[in-house]
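This is the structure I want to talk about, given as structure tokens.
For clarity, chains are labelled A, B, C and D in written order, and residue numbers in each chain start from 1.
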């Protein structure tokens, strides 16, 4: 059974950073499984992700964070996160009427492609109650309108906290999420937008793509921030369309891209391979 | 030797359109080499491109247009164009400092991949005078500034008319082209924009793509209209980039996409496979 | 409600083919919704797919085939098939242990993206019995070994015939299908092979792709014929991999391509957009 | 002016490798500009590429290799190569009749996209003598036939040695290169094959792709070894084709892929980002 630690960090670039981190691991008998680092010369910031085997590691798991912070992190002014291979993320799904992303995620989790739990599905419609039940996942319906929206969102935040949700996925949830909700899950809420951002921000992107006569439709998975569709981008992809394709065909072709792009983004998050820095996502590979 | 006619047309959708056109050709002993047609249900418009062998065709080449217009075109309110395989397009290239599109086009023409002539290259800089000379193509330098711009463009229009230019290609020409110039070449001026339009309209798209943290950079070839970067799109494509890639790397990866996208668009135009309708390009295939 | 006919045909190229077919439709008051045709000059064969509105069509639906065959088909030695928009395909799924294609297909059918029925799922393992039940689809387990294989396949053919199956989909069914089975469903059995055919025919393609050090992995959906992995190709696609990706990662990345490629192929078949000619698939678009 | 060193290495995986190399650099006042490393668990081999600034580096440039070998390389049984940013590769081009790769490479070098020299172009035909002269590059014609082939190749090897050629690029050179020639440039001869290897090894791949009815055509850039088209793959890519595309169209679409794939492979080699290990190419990024 694999038993490893993942350290993700960034700090202002300085000499000796790679050596400092790798020595900390090697000296304590940790074997590095993978290491990625780079410097963004535009902002002179250093980024690193390192994964090492804990089996013979000299420092007890629960103390690694303390030791690293004291010996290395503070000294180099690092922002860092430490994760372990035995943590299992708890993911909540928010959906409206479009079904393709929901089915794709349920399939990946149910077939154990991803090691996560889905304690609940939330929707502003009842369409997907039945499929949620087929997969044995509690379904929570919140009817939303202009009046009750704020109150309903407060209840949603409560519900997510009760269930210790680590990651909220807006899997084609056709509502704009309010500020308090966004602030409750900073860097832990992923949305799929059905366009190649920053093109076609906002509503009805496939209609606007059709009107503009584009030759590719796209999808963008991003962390949600307070500005609509302006959050840091995790993954994007496109599909070719032609002048023959009407809006329904753009929607269908785009749908296949959306579910793939969202799945890749979720996977990267689950694997602790993402790091947000100044509205950009470093995606370690 | 191939000797064929190409008819490209559109009109309001009606019953019997395909039958009417194909009968006109078959009855006069023309063999259809390819035919594409479709109806855009959104606007209820019919589009068609048909190519036929002229070797045994009963109507003399110079009268085909008259006959078709009288017998079919007017009756169905068609907008149509007729071209022949022995026409050879005369293409003018406009460039600034970036070189990749220029070299790619020169290579394709010089190696006879495309059957076009390039009677002249125009630039607001002197950088590419030498390569133009190597390929034996007259190079015209027009220094441009805020004061002389209008006058210089008038001279450029004159020059193009003197040389009977059919198609103007802005192959990374970093100037905004004035209204009179655009109006002189309606549907006959192609620009390559170094972004996936409608994202990053205007200046410095790679810088803005970097700032936004996109995961793909793109390029768009479009017919030039009076609104900057809003003309009908002929072709688009993208290339993957990562968080590691700085602006210079985005520029480099994008450059390879630009030259490919522009080449595909020019080729489609040369083959008479494009048709502009309401700010969209029908690209027959 | 749409009510249309689809005619798919091929014959030796001759003059007047398009005119003959389109006149047959227009003269009888049918409105052509889409038409695609081309000639393969390599073999001098003509291919056509035409779809027309039946609402005002003069010939009763049940007699269209007779009339077309008598008036047009025989005269031009056409091979043709006629389909109607109200037919609903009955599709059987065959699976082994890999789950991704199965879940993807179930999701598309259950969410009504595709208008088909799945009367049964067949497997040589019990792994997917539970998910079949969740979707309310009868699951048939056939344990297979060298001795019983022929007998078991006979039972499978019987089962499929009892259920009037139109299309058999081998959705990562890791058994080689016997000759009698293939012959029972000519042009009606689709397989997904987890490689870019003709590379890596046969077993363990991802292992061999890893050994060869390829930079892309692929997937191929094809009609099954008696020669293993040699059937006519409907659709292919690829995904990029790097030197870092081990066999499990190739398998995972390839899996996403497989399910997309298989889905596109099934969709084309459902829409009657495929035509097999001399081990090639014409895919009308 | 950038002044940096690049170290590319591999060795059996052991603890402390990253720390050992990075300490060697940091301790001697080198600032790491980029570092990539990974372990191939399949073969338990460690791979690394590290690039560092030489401006304040304590060890004189000409002694870095000695010091590194003695202190680190030998101890860990490393295979390593050391390069410096001021080296300029000397590249020879071999071509036959197809022109697209040649023009693309000439364009990139002449426009200074790549920092390499092309001291000579070799061909078994005279077609490209004129374009070589336009770019001022000496052209060497070697007529080849079954009798003189061995002797001509010996002369070619001589010629390349006289000109101190570092890298031989077979830019659509339609001859099979003999064993002595291959052995004279191990890991320093790149070929572009016009197929997605290992599909369509050998002659006329587009013809065979057409016969097989594939839906994508591809290209593969690889280091040349003694086995035809079996050398380690540097880069591959594909382009979509349809049933309509005849062999000439496959050739044309494939040509655009070939030139892009070959250019990417050459660039990786120039940047010292490739490492051959057991018939696989590690392509650092």
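The working rule: a contact is a pair of C-beta atoms (placed from the backbone, for glycine too) under 8 Å apart; a residue touches a chain by one contact, two chains touch by 3 or more.
On a predicted model such as this, the values are computed, not experimentally measured, just so you know.
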Reference chain C; chain at largest CA-centroid distance: D
Type of chain B:chain C copy interface by residue overlap (half), same or different: same
Distance between the centres, which are taken as Cα means, of chain D and chain A, whole angstrom: 37
For chain A, residues contacting two or more additional chains: 38, 242, 244, 285
Footprint of chain B on chain D - complex, ascending: 99-100, 103-104, 106-108, 110-111, 113, 131, 134-135, 242, 244, 252, 255-256, 260, 263, 285
List of chain A residues in touch with chain D within their complex: 15-19, 22-23, 25-27, 29, 31-39, 240
Interface residues, chain C side, partner chain D - complex: 38, 40-42, 47, 196-200, 210, 212-216, 218, 232-238, 242-244, 246-247, 279-283, 285
